[in-house]
Amino acid sequence: MIRQLAGRVGQAIVATFGVLTIVFFIMRLSGDPTLLLVPEGATAQQIAELRHALGFDRPLLVQYVAYLADLARLDLGESLVQRAGVAGIVAERIPYTVALATGALLVALGIGIPAGVAMAVWRGSVLERALAGFVLTGQSLPTFWSGILLILLFGVALGWLPTSGADSLQSLVMPSIALGALTMSTFARMTRIAVLDELSRDYVTAARARGLSLRAAVLRHVLRNAAIPVVTIAALEVGNLLAGAVIVETVFAWPGIGQLAIQSIAARDFLVVQAIVLFVSTVYIGMNLLADIAYAVIDPRIRLEQ
Amino acid sequence: MSGRLSPGIIVILALLAGFVFAAAGADLLAHNDPLRQSLLMRLRPPGTSTATTSYLLGTDDLGRDLLARILYGARASLMVAILSVSVSLLVGAMLGLLAGWFRGWTAILVMRFVDTMLSIPAILLAVLTVAVLGPGFLTLVLVLGLTRWPRYTRVAYAQTLQVVTLPYIRAAEMAGCGPVRILLRHILPNIAGPLMVVATSEFGLMILFEAGLSFLGLGVQPPYPSWGSIMAAGRQYVQRAWWLTVFPGAALFVLVLCVNLFGDWLRDRVDPQSRSR
Amino acid sequence: MTAPALHVDNLSLAIGDTVVVDGIGFSVAQGEVMAIVGESGCGKSITAQAIMRLLPPAIRHVGGTIHLGDDDITAIPERAMQAIRGRRMSMIFQEPQAALDPLATIGAQIAEALRQPLSRTRPAVQKMLEEVGISDPGRRIDQRPFELSGGMCQRVLIAAALISRPTILIADEPTTALDVTIQAQILDLLRRLAIERQTAVVLITHDMGVVADIADRVAVMYAGRIAESGPTEAIFAAPRHPYTALLLASIPRLSDIPKSQLATIEGRVPTPAEYGAGCRFANRCPRADARCTSETPKLRPIGPARLTACHHAEAMA
């Protein structure tokens, strides 16, 4: 058990290392990363000085080792645009994105899981068809469009909710719905499959043969068993929500790391962009690992197979 | 059962054909130049007509015909999706085939690379790469194509592992077929179905990614129209000109919906076991 | 003679428009073990599910009654049926491990049959575990199915089925998935508990050996109908349906008989879609003649407490 867990941690470390490497090379795809860091209108001499100061004139391998060494010390570098530490700039925005992702996750779990359970339990009913249409809609809606439609309806036409910003808890409602829609669909689909899978098992018939109603059998036995695959999805979806925040935060002017990423691209502040990609990817890998551990906690049978 | 199409799938196919037709025939269908600006005709509502022409879906903030821009936008959307899916299918399937054929270290290396790529959320990877390279049509296609191959590799690898153990592959080998011939002539056709299922679901995603990146200003560049960039411009005028966001968004939504429905239908055909799901 | 504990009359079940169980009937008295024996696909398992009213959605009850004491359970609402299941009527299954929720403790699952949480019923559950022969019940009660062997899981299911002292126990192939030595233990246990608690047992099986071990009476099913029924000893001594005779000939009586020398029944069972007029066994029957393929043999009395559905029954005596 401990050994297998160590194996999983090892895999996560390898993946993190891989992500760092990929990002390192992407940053150098244009040939000269210095150009990504200078404000527009810098002179050739300024650029050359900067290139030397940042070590971009050294051999690639040396740069790579230096990059890893910096990251190992959690040193994300200094933003030349904002003249401040990148880590601080990003950290300031993280709570907003976490709040948004939490809101979206609540929307997704709160609607997606009951919808999935209902689709499985009332299979073949009108309700299932209606929910299937709802789920398919959520899956096909571009977040920037649904975001704008929400603004049009609740912000402009009805005036119920603020159209942008992060002044109050109400500001969080629309972005959470827009961001959560796709994840909601994923949860509903996965939950439906998991519940159908469990419903077909003998232990459900056996529980009913002991006198449990279908409802009681679902609540007492099916849901817990079906939760195992759904938990894994939930962990992975957190990563997707953080990534999806890039667009939703732009639509709603929500001051999280997604908006920061787009603003930093416009401002040619690429160390910030790099830090955000690394942060989200690390969270993603971490959530993956967490899902594996959660698996073992919920399901005593699982011994974290290879 | 097989061979007959349900009314639902016929509607979906007809709609998809309509999008392809709109994209291909944009030159003929649009009676206004999508790039011609007219400051006099800014933000006119749908149904506006003048002495010389009419604007069925209204005009944008620079007085350009929205209908024409949406038709040409369909072209951008489908072109990017077709090309980038082709690139990722080609790269992904090749890597998966090779990993499944050679197994051993090749497979370990390739599959670890796949795991790593999948650890970076796709949209962020694309945003970062496009931003580094500078936006443009070709960049967009290459970036989407070269970041979205791992899912094909996973499927191709798993399927190849299954297929290579089948007796007829051994028979072909003993008959003196070279590995390239076996891979392309005997294994590839056998794994094509599952790959097409992945390709369809990726196609829908690519359309969304193109629109999303264009919305963020990292995709198709102005003045050329893309549904995403039309909506990005329209967002500022959402209170005065709802049509700028509603129409291109609706086109995008219906197209993606059709692709997803088609994908579900295709999956049921290729993998009948999933039908009950 | 008192009313039977369970009386099934003219029961018919269908998948879509295809009738798969065709007007079968039997009764079981208290404390009696009644076996329904037949090959897979003959309809014996869905008969068991119909008695519990736990048919899969695709299968419909199209006719006949099922009386539990004086109540016709085909005519009562689902809520009333829930009150019956587990209390007056219980069931055990072919795959004991699959029939237990892998995540719940066995104690909690047994307690469900008592409609009370384990915290209140612990002593009773523990005593029941002891009764079904599980050693160290105080520890086992909090274990989960994967920590127990298949045989122990079946004992757990028997405990859950019998803890409320039901009048009927349906046992659907209860030993098929178990090792031979465990099979005998489980059958002994069922037999003993049925007598002690005066429970009527409906035993569904494909194995004539199991029937010989514990059944008082037996109904042989073939292709959705009852071929023959009666006391086990009488039927084993002198079958009055050619299908029963062939089934009996296929039991390995001595372990040293090679498998190839066992009688096997030639031909195959017709599928429900192929059911036509006449005797459904005719295509495999050594005695079949023209009458057998045209006229359906009715189930009719032949000898004390015996019924058969064969035109040639008299000739077999």
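Order of writing sets the labels: A, B and C. Residues in every chain begin at 1.
Please note the rule applied: a contact is a pair of C-beta atoms (placed from the backbone, for glycine too) under 8 Å apart; a residue touches a chain by one contact, two chains touch by 3 or more.
If you're wondering where the values come from, they're calculated on a predicted model, not measured in any experiment.
Participant: According to the touch definition, list the chains common to the neighbour sets of chain A and chain B.
Facilitator: Chains in contact with chain A as well as chain B: not a single one.
Participant: Mean of the CA atoms for each chain, then the mean for all of them together: which chain is nearest?
Facilitator: Per-chain C-alpha centroids ranked by distance to the global centroid put A first.
Participant: Would you indicate which pair of chains has the most C-beta pairs in contact?
Facilitator: Highest contact count among chain pairs: A-B.
Participant: Taking mean CA positions as centres, which chain lies farthest from chain C?
Facilitator: B
Participant: Need the CA-centroid distance for the pair chain A / chain B, whole Å please.
Facilitator: 22
Participant: Find the geometric centre of each of chain A and chain C from their Cα atoms only, then give the gap between the two centres in Å, rounded to an integer.
Facilitator: Roughly 53 Å, centre to centre.
Participant: Just the number, please: Cα centre separation of chain B and chain C in whole Å.
Facilitator: Centres of chain B and chain C (C-alpha means) sit 56 Å apart.
Participant: Which part of chain B faces chain A closely enough to touch in the complex?
Facilitator: Touch residues, chain B against chain A: 112-113, 115-117, 119-125, 127-129, 131-134, 204, 208, 211-212, 215-218, 228, 231-232, 234-235, 238-239, 242, 245-246, 249-250, 252-253, 256-257, 260-261, 276-277.
Participant: Tell me, which parts of chain C touch chain A in their complex?
Facilitator: Against chain A, chain C makes touches at 49, 52, 54, 57, 78-79, 82-87, 90-91, 93, 95, 98-104, 109, 112-113, 115, 144, 146, 157, 160-161.
Participant: Using the touch definition from the top, list the residues of chain A that touch chain B in their complex.
Facilitator: 11, 14-16, 18-19, 22-23, 26-27, 29-30, 36, 136-137, 139-145, 148-149, 151-152, 156, 192-193, 196, 239-240, 242-244, 246-247, 250-251, 261-262, 265-266, 270, 273-274, 276-277, 280-281, 284-285, 288
Participant: For a test of understanding, state which residues of chain A touch chain C in their complex under the given definition.
Facilitator: Residues 124, 201-203, 205-213, 220-221, 224-225, 298-301.
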